[in-house]
Amino acid sequence: MLLHEEHFRAVENLVSEWARCIDENRVEDICTLLHPEGRYRVQSRFNADRGLPHALMDAHSPAQLRDRIKSMRLANIYEPQHYRHIVSGVQIVGGDPRALQVKSNFLVVRTLDLDGDMKLFAAGQCDDVVDAGGPEPLFRSRHFRLDSRVVETLMVIPL
Amino acid sequence: MLLHEEHFRAVENLVSEWARCIDENRVEDICTLLHPEGRYRVQSRFNADRGLPHALMDAHSPAQLRDRIKSMRLANIYEPQHYRHIVSGVQIVGGDPRALQVKSNFLVVRTLDLDGDMKLFAAGQCDDVVDAGGPEPLFRSRHFRLDSRVVETLMVIPL
Amino acid sequence: MLLHEEHFRAVENLVSEWARCIDENRVEDICTLLHPEGRYRVQSRFNADRGLPHALMDAHSPAQLRDRIKSMRLANIYEPQHYRHIVSGVQIVGGDPRALQVKSNFLVVRTLDLDGDMKLFAAGQCDDVVDAGGPEPLFRSRHFRLDSRVVETLMVIPL
């Protein structure tokens, strides 16, 4: 466990940094936090628990994720909005420094720009794998598991 | 304060672990985090502030708590649902290693399985006593103080 | 970064302490956490991003802030209510020990005393400057940036 304690702050900071990239509307920057062979997924808890493949977002590399964000910026039509991530309970539950298993709880509040409407948009758990053995910690895998099967309208911005 | 700093991570981890047991539907596991002579209570802030005894849940031992959870699994009829805990501001505010006084803020989002409805279910403060002097840290006392006097429908699952 | 690591716990504790003063209805105590020449502001993200001066609250010293709280206690007529702060992602992103740049995400749930109604009241980011070089860490500046431009009814209690 000493091993993990050593990496705890770096992992916590990586998780916070991801959230802040999105919340500060520097969404593209999350791609730099994903390992070149990393995977990013957003799935309902229902599907994840059953091993069902359907996902709201599923990128198999930072390049795919970047592509998704580009379409958000250029092609998608959606009401101007932003997210606010609240993350808690970051824990390293196993693994080794090149592949730490990390869990955390999250809640995302979405605010619509025009009318200021604010709502609970998503809540759930992240099951991540973090490589803390390189010069900078990176996600080898980020898996957002949404508690609810219902996502209001479209999910355009990654979580 | 050095004393407390030494125990901070263990305490924070204990608090996170409790939340995760419930959120991952391993509710029974919280009983292993409560001291054999420990007490678990959920009360409104209104009652707690006035020293009134009424509580939504009040278990005087892990065995009583286990009993409550068993009735939840076997006897209670309720709409399938799960919680998501978001905890922040964990602080050790006094005490000694065998009885650290710990405060934290919490928020619980409840999601109904069937229609995916998600809502703010509970928010408030935990006033806990943690024994960090044994082989594993344990709660000597967990006291959830709910900001609201009104709990929507029934509280079946412990917080 | 070692420098910052050294101060991290003190900064995190300062942020938690501010929240707890308000949530425990010891609102006056936040004045003791603000540097004598410190500034406290609550602004919409919209205004803050554009450098617009309008703020919901703007105190240029602990004395001004104390004055605001006094009027809350004595003069303002409002429905009895209290806040619950949930803070996450505290990060030291730059600066030196006398002026650390600190970011965090916050969410405030407001509960009305009478009917127990609980709602998402505010969410956003804090951009703070913390002096961690003195005997006790203090805020040189607290800047709450609200995601929404719309604040339900009045904001009476400081965030």
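The letters A, B and C name the chains in turn, as written, and every chain counts its residues from 1.
The working rule: a contact is a pair of C-beta atoms (placed from the backbone, for glycine too) under 8 Å apart; a residue touches a chain by one contact, two chains touch by 3 or more.
Note that the structure is a prediction, hence the values are computed from the model and not measured.
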Fraction-based call for chain B against chain A, same above half, different below: different
Fitting chain B to chain C on CA atoms, where both chains share a sequence, rotation angle to nearest 5 degrees: 120
Computed distance of Cα centres, chain B from chain A, in Å: 27
Per-residue multi-chain contacts in chain C, two or more chains: 86, 88, 107, 120
Interfacial residue positions of chain C with respect to chain A in the complex: 5, 8, 46, 86, 88-91, 103, 105, 107, 120, 123-125, 147-150
Touching residues (chain side chain C, partner chain B) in the complex: 9, 13, 15-17, 19-20, 23-24, 82, 84-88, 107, 109, 111, 113, 115-120
